[in-house]
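Here's a structure for you.
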Amino acid sequence: MSLELKGITKTFGSFTANDSIDLKVETGQIHAILGENGAGKSTLMNIVYGLLKADSGEILIDGKKVEISEPSDALNVGIGMVHQHFMLIPVFTVAENIMLGHEKSNKFRVLDLDQARAAIRTISEDFGLQVDPDAIVETLPVGIQQKVEIIKALIYEAKVLILDEPTAVLTPQETDELLNTMRDLKSKGTSIIFITHKLREVRAVADQITIIRRGKVIGAVSPSTSEAELASMMVGRAVDLAPAKYQHETGGPILEVKNLTVRDALGTSIVKGVNFHVNSGEVLAVAGVQGNGQSELARALINLEEHIEGSILLDGKEIRGSSIKQSLHAGIAFIPESRELDGVIGSFSIAENLILDLHGQAPYSKGLNLSAKVVHSEAEKRVTEFDIRTQSIMDSVSTLSGGNKQKVVIARELSRPIKVLVASQPTRGLDVGSIEFVHERILAQRDAGRGVILFSTELDEVMALADRIAVMYRGEILDIVGSNVTREELGLLMAGITSAKAGAK
Amino acid sequence: PSAQAAKIKLCLALDTGGVDDRSFNQGAWEGAKSSPVANAEYLAAASSADFAPNIKAFVDKKCELIIGVGFAIAGEIVKSAKANPKIAYAIVDNDGGDCDANFVCKPVKNVKGLTFQTDEASFLAGYLSAGMTKTGKVATYGGAPYPSVTIFMDGYVRGVDYYNKVKGKKVSVLGWNTTTKTGSFVGNFTDQNAALTLSKGFEQQGADIILPVGGNLGAPYAAANEKTKKALTIWVDSDGYGLLPAGKSTLLTTVVKEIGTSIKLVASDVANKKFTGALYVGTLKNKGISLAPYHDLSSRVPGQLKLEVRKIRDQIIAGTLKI
Amino acid sequence: MKKVISRIAQSIKLPGLSFLMAFTITGIIIALSDEKVMNKIGSPIEFLKSAGASVGNAYLALFQGSIYDNRLIKGNIFEGFYPFFETIVTATPLILTGLSVALAFKSGLFNIGAQGQFIFGAIGASYVGFRFDLPVGIHIIAAATAGMFLAAIWGGIVGFLKARTGAHEVILTIMMNYIAGYFILWLLKTKTFLRPGRIDPIAPEVLDSAKLPLLAGENFRIHAGIFIALAAALFVWWLLTKTTIGYKFRAVGANSQAARTAGISVPFVITATMMICGALAGLGGAVHVLGSEHSLNADVAGSLGFDAITVALLGRAQPLGTVFAALLFGALHTGGRMMQSNTGVPLDIVVVTQGLIVLFIAAPVFVRYIFRLKKLNTSAALTSKGWNG
Amino acid sequence: MKKIRSNVQKRRLQGVIIISLLSSLSFLYFGLLKPGKDVTTFGFVLNNEWVIIKEWIIASQTGARIFSAISLVASALAIFAYKKERTIVFPVAIASFGILMSFLTWIASGKFIPFTGLLQGGLLLSIPLIFGSMSGLVCERSGVINIAIEGQLLASAFVSGVVASVTQQAWWGLLAAPFAGAAISYLLATFAIKFSVDQVILGFVINVLVIGLTDFLYKKLLIPHQNTWNSPPTFEVIPIPILSKIPVLGPIFFTQSIVVYLMFAIVAGVTFALYKTKWGLRTRAVGEHPTAADTVGIDVNKLRFRNVMIAGFIAGVGGAFYTVGSVGAFGKEMTAGAGFIALAALIFGKWSPIGALFAALLFGFATNLQSTLSIIGVAIPSEFMLMVPYIATIIAVTGLVGRVRAPAADGIPYSRGGSH
């Protein structure tokens, strides 16, 4: 089935998110769409899926014009979509999530979960997507949740499948699996629209690439185009894809973690007695497949988790058991995994967000009083310094694009005296331009003599930034290796297979 | 009196219960309406904060007699009376005294207190109940533990005690204890469902006569009783026989508090220029309170008991029996 | 200049239309419930005429009862504004309870407990007011402080329990309102509180030194409480926008997870907010007793704590908005009294009018829809944030 | 190093400690230190059920000891269960019952406790609360906050009273009431869903409007013409053959009016429908993550609208309970805040039908317990007795329930592209 878009235009108030976009996806083609954060990719896809209504333009399927004003219209004509933000009900089981919208009941009007389970099993087997139909979605790692999303789309037997940044939260292995699934689908005649910020993936599977910038189609290129060229087309300027990492002297241990155990609310240990340290002037990357305890470990470093045992020494001083505020003030900068939930307050202005953990300190406040003047002038400085793209520092953060939200978090965390930077998935969902920026900032911290702990599931990112790499597997640190490790070795470690190669401890 | 001149303007400042509370607000309003010498109007209050402005509104409207219905309004009535010595005032359930900082009170010339010795009548009701009960248990409960409520309950319990003393019987009263001042209450004056459940609780304890003191609260049980015939009801304030939509056949009597009569009395005093601030106390003697007829149940009340009740009433009136 | 006028016209258009609709609907109810009007149903013209007269009189009375009444002038034009001062007297405690609810909303809490907090404020103020003999200014301050203190504790209990156990503040405050209501009933029977010589539940009047000064002489009830209320509004505004504590409150209210991640203590914010809310509602009770009631009775809170919720929501949980909303409620209430006494329209109708005005003001989309105004945006500002805070 | 416990274990530990302490205290106080001197009589027979024991007379001290001992044993079992990291619900329930009974035998020394009546009365007091919280549940599970329960109950009580009175048929009243509840719901649904009005404001406003209008009509219509407009007949009790004869359970569950049976049916129906049917799955989806439901073709606002209407019907039956099920006349503001207690029960019960049912029952039982105690003449100031159900709720909520989580999208109007 082929899908063609003609002259799609969509405005939000005075802002044009899609400006007369033309696009054609041939039958059995994988069509990648590239573009910066906020370029209008998701908007366009939501229009195709019936979640948004275009101001003008038309959608053609196999050359015939179709009206899509509801998601159900899209489902009926054979369009399926995996959304950028998960469209799963966290408290439902996998089976419930998958049957939602096309439920089958038995003759007593009771939901027939068995049928859903069976259907899931079939699809799982066909595409190698293993999930437990009875698991509650919110307890699953995001990687598995993503699989559930894909099964959800496949169960409708979609002829055109839209994947909006499906790999943002996946590990390299999972990404490879997904790419294989995509190829598989393609071979069965499914057309796929694939949105991602990762150029490597695009070049690996796409048959055709369309680049969108500021709501307009900039051009269509073939997958043989170089990464650098793709990046510069997206952003409109040359992008440095591999940050320059200068060798330099590292200092002594600045943060030491001993025997650290983190438990969840049910008492199960998620992080199991880990030991590591980071030196000043060094980037220690903690790699691992999502769901192996990295998130909890990162949070535990500033005492965000409730049940922590063991010891965290910052510059020789025990900080385990102190309050979150004390941990931050002791000199840890924290970039949380989810900027929307933990990093920023959407309804607050940029200026207000920039003082979220600083508002009690001079010069931002004096006694009880917040000094609005200082807050604003400092905010102006940060906005310039960190290149936060906004009309005004008084705009609420919810109006910013993902990359700019992340810049707000980084600007806030790096503009106070710190000893250690803990960054959890700092580039998730960001476009190449923003990633470049974030990487530069992280390395700048290292070069300025601070310790950096980078939690990342991106192998490329880990390889590019780390001085040493700790690999987590099932709550334990399996090994700590030097940056000269190969992708393959790292991949094996992340899968829990210890190689003979010992790391530099 | 001579041929009626212009009617006087009689204004009622009501308490928060509203004009349709089947209790003292309603009794007062009905009395006022039926006064031949007055044109009556009223203002309802949403809370105690409305009392002062309501009275002030009456002063501005040139009311000639302003009556506060309910003890809660006493303070504002006295205040207004002192500021407007030419207007006649009355206050229900309070003596209308003006008290200084040391709580020494003296009467105000243009305020007439309308109070009621309600317990005299409920004493009779208690005696009657004790004589009528087959189970040896009777009961009473209130809407909320206000003194204007518990005074009924006090008299009732004493009436039963007196019967026990005289007859050497052991009739007990559930729901109120005159020494500890504790007992059963619904907690408000609107939750009739809760009142019904409470009444059933008394029934399960074996009480076969119940005196609810709480306006509308007693109505559902009175009605339900008509089918089950498990207990008799005694009503308060205005004769329940004419008031209750259902339950007449099990209505034993009513402890009547003639607020309406007292209001008509003040109104005619004002109209005839005989108004004074002298305290009015409704008693059995001046018929300000009374025990209503037994109506449908008259035949079931033994003649002897009727006689005794009448005798006690006379003793109270004569002052020979202190309750 | 033209621009300014059109801007003002724009900004009062929606509220204006909301009022118009509310008054139209109540007008219909008033006319239909007037027997004099219904008697004329046979002849349409007469019917409409008398309906118009009936409604017109009612609304005239509403105005005369709440703003200005020239019939009250005996020598001084000032006297005509008596009703307006009454409106302010009614609005004063409402401003304070409204602020209490509004502040809680800002921290993501739903304070249904202003009623109980108000009661404790009234108790504290009354006790200090009648029990101690203090110099004029100090007495007022001591009494008000005592009220605020008790109420802050009462509110703080809710905050503490929520912070400690996670129990929902809506349940806690509903239950604590009932408890406060029964508590005051009991208290007023104790030797300490029962006015000597009285058996009905009323406390002694506060001493003159504890009474808030009257602002316009003996003949008007308006007292200095309004300044306290306005100062409290200013305080809340200052707290929320200018201080670090208010910043923490708003941060927790807007996204408690992010606030926590940034080191703000959520339990502290919950407890502190509820204490300040308690103090505000308690100040309302204190001002009510020291300003206009002078003595404590069981019904002292009326429904002020519940009206406060509507007032706060109508004022969009903003201090200034709350002040205006309280004044509006005060005006409707005092005006309603005149409507009741002059035209026999019961107080219940005023309640209905209040409800309708709030409904339409809260539903701009609906008003636009009815009047076919352009810009039918579907998103509406939410003041309350549901149960998850 | 301190041992770290999970939150569940923490709560269990808290529960175990409280229950053990109370059991020991009750044994000490009621059984040893301050024993009742007289006998306590428990009555079990209410109507004409089969009699196994009619009355049970026991020396107060002995009884208190027996029941305290039971609760001590149950506490020990609770400690055991805690150690084994198993649920402590059952031992705690038994222990609580033991403590309660021990308290009753102690306090009613020389008095009579109509045991069956105590439970039956508690149930009757909680009927409107249960209907109310089911109404709230159906709304809130689909994402619409319902503070208008009070208004729904009151309006439907009014309408059912008037209709039953005019027709002199309780059935007509019962049939009309749900439509009154639904009419209120229509207002709620239209403004909340179609015009995106803040649902909390809306709920309060609707309550104000209903109170105002019913007060007004009561005064203008029902008082002057009470025989025509306000004398509804009430439903007779329908004893269920055989079942109604079972001691204790019979009078409580099987000797009730149709409205009470409807309550059981509705709770069972809502529970089944919510967790087992397509409607329930969609309802819960729409309340948790409406956008997700939308993407699979569910019309979010239509479903919400329909559910709010259903909620109105349910609350309507609860309103009818007041007039044709129990009281037999409409009274001004007769719901007396039941809507708010129902709301509290819903939250207390964690937005689950069974949870809300038990929360409402707890409240009703606590209310009737305090009535019973006041009737037998407990010398505690009445005002404090009246606080009992509210204090009991606070203790239960803080001690046993703790943090609750509302449906994630509760109270947030849904519009496409509005929020994400």
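Residue numbering begins at 1 within each chain, and the chains themselves are lettered A, B, C and D in the order written.
Just so we're on the same page, contacts are C-beta pairs under 8 Å (C-beta built on N, C-alpha and C of every residue); 3 or more make two chains touch, one makes a residue touch a chain.
Keep in mind the model is a prediction, meaning the values are calculated, not measured.
Using the touch rule stated at the top, which two chains are linked by the largest number of C-beta contacts?
By contact count, the leading interface is C-D.
Find the chain most remote from subunit D, comparing centres computed as mean CA coordinates.
It is A whose centre lies farthest from that of subunit D.
Determine the centre-to-centre distance between subunit A and subunit B, using the mean Cα coordinates as centres, and give it in whole Å.
75
Per the centroid of Cα atoms for each chain, what is the distance between subunit C and subunit D, given in Å?
From the centre of subunit C to the centre of subunit D is 31 Å.
Return the distance between the CA-based centres of subunit B and subunit C, expressed in whole Å.
Chain centres of subunit B and subunit C, defined by C-alpha means, are spaced 34 Å apart.
In angstrom, rounded to a whole number, how far apart do the mean CA points of subunit A and subunit C lie?
One centre to the other, that is 47 Å.
What are the residue numbers in subunit B that touch two or more other chains?
In subunit B, 145, 187 touch at least two other chains.
Using the touch definition from the top, which residues of subunit C touch two or more other chains?
Residues 182, 185, 346 of subunit C touch two or more partner chains.
Name the residues of subunit D that each touch 2 or more other chains.
215, 219, 381, 383, 386, 408 - these are the residues of subunit D that touch more than one other chain.
What chain pairs are in touch here?
Applying the touch criterion to every chain pair yields A-C, A-D, B-C, B-D, C-D.
Inside the complex, what are the residues of subunit D that reach subunit B?
So the residues of subunit D in touch with subunit B come to 43, 46, 112, 114, 117-118, 121, 124-125, 128, 215, 218-219, 223, 226-227, 230-231, 234, 321-322, 326-329, 331-336, 338, 367-368, 371-372, 374-383, 385-386.
If you look only at subunit A, which of its residues touch subunit C in the complex?
Residue positions touching the partner: 304, 323-329, 334, 336, 341-348, 352, 355-357, 359-360, 365, 368-370, 372.
Mind pulling up the subunit C residues that touch subunit D in the complex?
29, 33, 110, 112, 161, 164-168, 170-172, 174-176, 178-179, 182-183, 185-186, 306, 309-310, 313-314, 346, 348-352, 354-356, 358-359, 362-363, 365-366, 369, 378-388
Using the touch definition up top, name the residues of subunit B that touch subunit C in the complex.
Its residues touching subunit C are 16, 41, 43-44, 46-50, 52-54, 57-58, 60-61, 71-72, 75, 93-94, 97, 99, 101, 103, 105, 144-148, 187.
State the interface residues of subunit C toward subunit B in the complex, per the touch definition above.
On the subunit C side, the touching residues are 71-72, 86, 90, 93, 182, 185, 189, 195-202, 204-205, 207, 221, 288, 292-295, 297-304, 333-334, 337-338, 340-341, 346-347.
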